[in-house]
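Read through the structures below before going on.
Each of the two complexes below includes chain A, the first together with chain B, the second together with chain C.
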Partner chain A sequence: MRLSETNKAWLLLLPAFLFLLLPLYGLLSALWSSLTVNGAFSLSVYQQLMERDAFWGSLFYSLRIAIIATLLSLGFGLVFTRTFTHYLNKTSGKLAAWIPMLFPHFVWGYLVLLLFQQSGFISYMAFQIGIIESREAFPILTNDKNGFGMIITYMGKEIPFVILMLLPIYAQQNSQYHDLVRTLGGNRWHRFKDAEWPWVYPVLLETGVILFSFIFSAYEIPYLLGATFPEMISILTYDWFYAGDWSERPLAFAAMIFTSVIIGIIAWIGFSLMNRKRWLLTKGSR
Partner chain B sequence: MKKSGLVGFIVFIFLLSACSQGQSQQSNPNDLSWDEIKQQADGTTVNIHMWGGDEGINQYMDEWVAPRLKEQYNITLERVPMDTQNILQKLQSEKQAGKKDGTIDIVWVNGENFKNAKENGLLYGPFRDQLPNFNDYYDQDSLAFQYDFGTPTEGYEAPWGKVQFVFQYDSNKISNPPKSFDELQSWINENPGKFTYPNPDDFSGNAFLRQLLYATVDDPKEIIEEPFSNEYATKKAEPMWEYLRTIKPDLWRNGEHYPASLTELDRLYSQGDVWMTMGYNEARAEHLIEQGVFPESTRSFVMEPGSLGNTHFLAIPFNSSNKSGAMAAINFLLSPDAQYKKLEPTYWGDNTPISVDKLPEEQQKKFESLDRGETVLSTERLENSFLPEADSGYVEWIKENWKDEIIRNQ
Partner chain C sequence: MQYKPRMKTASFWFLTGSLFLFPVLFLIVKSFTLPWRYQADFHMHFTLRGWSTLLSENQLISATFISLLIGAVVVLLNLIIGLSAGKALAFYQFKGKSIMDTLFLLPLIFPLLAIAMGVHIAMIRLGLADSWIGVVLIHLVPTIPYSIKILRNGYVSLGSAMLEQSTSLGANVRSRFLTIELPLLKPALRSTIFLTFVISLSQYVITAIIGGGNVVTLAMVYFPFLQSASSTVLAAFSIWFALVPILFYLIVEIILCFLPYQSPWRIKT
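And then the complex of A and B:
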């Protein structure tokens, strides 16, 4: 029996589906737990959730942190890759750029804490050199309300990832496009926009979706570097989930379903934008 | 080929579900005599799941308890470090999935975790009154064993140790530690930025607030003896919130951020950022000094009206596949020898719930002459300041309200 192309594709997807069974089961049982009250179908948990100011506060806070951290990582990653493509192509360059990827987020978070906290290394140096008069004068950069510590940690970890994703494109880019734009009188901006952006854009979008989803819902960095208030949605959910009498568990499930839906929507928008782009590219027009 | 893939998939699903089958072969130890239980436990493996965040405790279990349990009962003890909440979560999932043959034989619990476990039917019991060591050496009528944070224990857990809440300070920096919460308030005022407490989502931070609650009502009995209700708590806690709001501007980081865990507070203390720390274990400074975390000059103190204390317990999950082994192991952990070793500062330094006057004379002397270390307050001082825990409802209530009262909208 010969397999049709579609069947082959499904067969190839089988391992992925098997692997996805576990998280999928988790997601469904969370959905189930948030939609049933005493065994009967009810939306009351979601209603309760909507009425909680704490939920909206941390949802928007998490969105803000995730968006800022993602955009900064993408931006710096792009500039870095463009500027240093030549060095990054060497093994030593790659190693230097990718070393942060060896550490888990938690370790990187601790490093940021040791460097940036008020009694940390940087404040110590600043005090010794005489830039600040006392160590208390050092600005609060970790566990701060603006999430500086978290954003810095994520940037440190994610910029190398962005480089990893972008480097193949820059390593293999066709310099003739640059020449073409130049011949036609384009300046630097035109060269970037016409000779690089069409190839870079889909990858940036894809990477951005991955980073956003991760930062939006991760727990360890907010636990280590977040402020007591406002808190990231993952911290709030964790507290609800483990609240002593388990009565707030349905709320935790509902909040997580909510974040999953947001991630889903963003991923969907991202992929549909990307597909359109790809489709236009194959048609040879933009 | 597609078909075989499908078959493989179905087999895989069956394998997954087959894991949850299987029957426990042991008979219920409830109907057995102690000798029969011991016989059944002989040659088995007991899995104890317990919080593993303290090296001293871990070493006590692995280096002292495990070899002796093997020798005396021929039981192999496997210790699995896991947070208590996660253990209960695992049991809850197993219960939902109908798994009868569990992998956990003993859990270390108390307070709200015990309440949760008991109310959700996650525990086996009653078993405590079958343990010879409990019957011989412990005070059967003690309220500390009858109630665990206001929840009746009803024999579902056996007392393993007891701890008291104490504060630690650096005697090089502070010569006279405060004697009451009022004095603490003036101290904080005079030394801005040198005190903070962990976020009440943390176990120790929550205990600090409960202790403060006792201190800000007229008499701690009002909290200990009255049953918990939201209205009553709201009424009684107003002075406590007032106190916290008053000290807030003088706390570390102006009270805008609080350490998320006791470890974080300990770190601040060891770096000298704050000058006091605290914890629910009167002997904790001993091994923290030994590990070099705390300065050698660390000492501990308690304040008026007293120091919060509680008992911690050992329990057996509903689906333990080796209940007899678990009982034998718990009986050993309750024995005078095991309790004495636990009390020594070498490993853990945890206080014992045993009734010393029920012991043979020789052992009584041993217990009484033990030196627990320089940072530990005297037994007399601790006993005189002992205050029992109130209803565990307060734990949750404080968690829920602290943020609204102190952090948000302020």
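And then the complex of A and C:
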């Protein structure tokens, strides 16, 4: 009887496993393409990759942008959700906060371009009010070296995502824990740390890992809002992948494998922290 | 006591208004006005040219249909995979279940670009590259993990008691699925369908790689427009991107009405 139940579960999981073959095959095939030269195993592609300054520049630049955008989205999302749980729980608030989710990333990116570029709406308004004298006086905020345009786009799209992930926790929050901390003389910080953080932290980590890996390797936003130099790793990879004579295709694969390894390490750290916390939580309650 | 909530309400609406609502309103206004010029005083010239140029673009309607078709098939496959895996993860106990949760998240985490580049050659060999089926398959990668997660949570909050009761009353698997699971999972189904469709609509680079420029979805039309079209036309196109999921949502709502027990005239207790 027990065996048949287990088999039933595996049968139900079968379609999902079949699906997993696709990304798995993709990654392995990319790995394979980066490790073979004319059909023979070789590390020479990676050697070449290490010698490219463009690669290291892109890698660290992407890392920086991804970390900044992720942390800002998580921070603002968290503060917003816990401050406005009550409003977000109502249909009107929910709809308003999730409007950006209706739009693809690149549309939101174009919007940021319309608002923030030198000839954009904000610059135009500043000019009309008389804050700046010409549009050249407006700071360069899109396609800029610091990645301001990219970061602001990701924040606009990801803060609603963070709210979406965190809202169930705050909506179902047990207020008795807050009361308990208060009774025992805890201040606001203690209430946050002991009555909220243990529940919020695992979800925040998971969301953070998803956001970081996405922003680190996404193509569309850097294409629209990135600077020509330094460029994000995805742009460099794409250029290598489609470079005229295919001679740089192995480099494109190697760059993506390198990126995947970094993401893998960060995800592994995140998930192991998360699982430990989850385990402690389930052990503690019920 | 009265003061604080009012302040809070005001600040909530101020923030959501300026961060989330204003950009959309701005796009709408932009799609109906001519681009501004610095020399002149503040002005807004109403125009319908943005929308008429967009709608007369002969690729637009066909691309919209292709996006709807691809999105619909992606949604359908997501529901099949998500419902079955979600059920297994919610109700059954087996070894390695916690690893499975992480495993199903992995496709979201590894670079889509790497996966698309990796499967590209295989897709060519299988004849799936440059075809909409290949594009559907690659669109599964960024969507399935969300579907499994949402539908799993849906099944968890549904609970197994209701399902056990129907079995003990003699319902077979099919009628249980149609009359209990689907109607009660409606909120989760709605989120899955909507999110999946929007994600599918948003994919540019993987559609370009696998579709090879032959599968012209809306995103494939939008990107070249960025170089050539005026901001008025592009603003209209941007609005179009939000209208398509809304249209899809309405179609889905009509289909969901055909689920059992959805008659608006039935007595609710």
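What we mean here is this: the second predicted complex is superposed on the first by the 272 of 286 C-alpha atoms of A that agree within 3 Å, B and C clash if a C-alpha of one lies under 4 Å from a C-alpha of the other, contacts with A are read in each partner's own complex, and residues count from 1 in each chain.
In the analysis below, contacts are C-beta pairs under 8 Å (C-beta built on N, C-alpha and C of every residue); 3 or more make two chains touch, one makes a residue touch a chain.
Treat the numbers as computed from the prediction; the structure is a model and nothing was measured.
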Which of chain B and chain C A:140 touches, first, second, both or neither: first
Between chain B and chain C, more extensive residue contact with chain A: C
First (chain B), second (chain C), both or neither touched by A:243: first
Which superposed partner A:77 touches (first chain B, second chain C, both, neither): neither
Touching partner for A:118 - first (chain B), second (chain C), both, neither: first
Contacts of A:229 with chain B and chain C, given as first, second, both or neither: first
Set intersection of chain A contacts, chain C complex versus chain B complex: 14, 119, 223-224
Of all residues in chain C, those that touch chain A in their complex: 8-9, 12-13, 15-17, 19-21, 23-24, 26-27, 30, 36, 38, 41-42, 80-81, 84-85, 87-89, 92, 94, 98, 100, 102-119, 121-122, 137-138, 140-141, 144, 148, 195, 198, 201-202, 204-205, 209, 219, 222-223, 226, 231, 234-235, 238, 241-242, 245-246
Chain A-facing residues of chain B, complex: 1-2, 5, 9, 12, 85, 112, 115-116, 120, 193, 199, 201, 253, 256-258, 260, 268, 271-273, 392, 395-396, 399-400, 403, 407-408
Sites on chain A touched by chain B in the complex: 1, 3, 7, 11, 14, 18, 54, 118-119, 136, 140, 143-145, 223-224, 226-229, 239, 242-246
Chain C-touching residues of chain A, taken from the complex the two chains share: 5-6, 8-10, 12-16, 19-20, 22-23, 25-31, 33, 80, 83-84, 87, 93, 96-97, 99-108, 110-111, 114-115, 119, 121, 124, 127-128, 134-135, 156, 159-160, 206, 209-210, 213-214, 216-220, 223-224, 234, 237-238, 241, 252-253, 256-257, 259-260, 263-264, 267, 271, 275
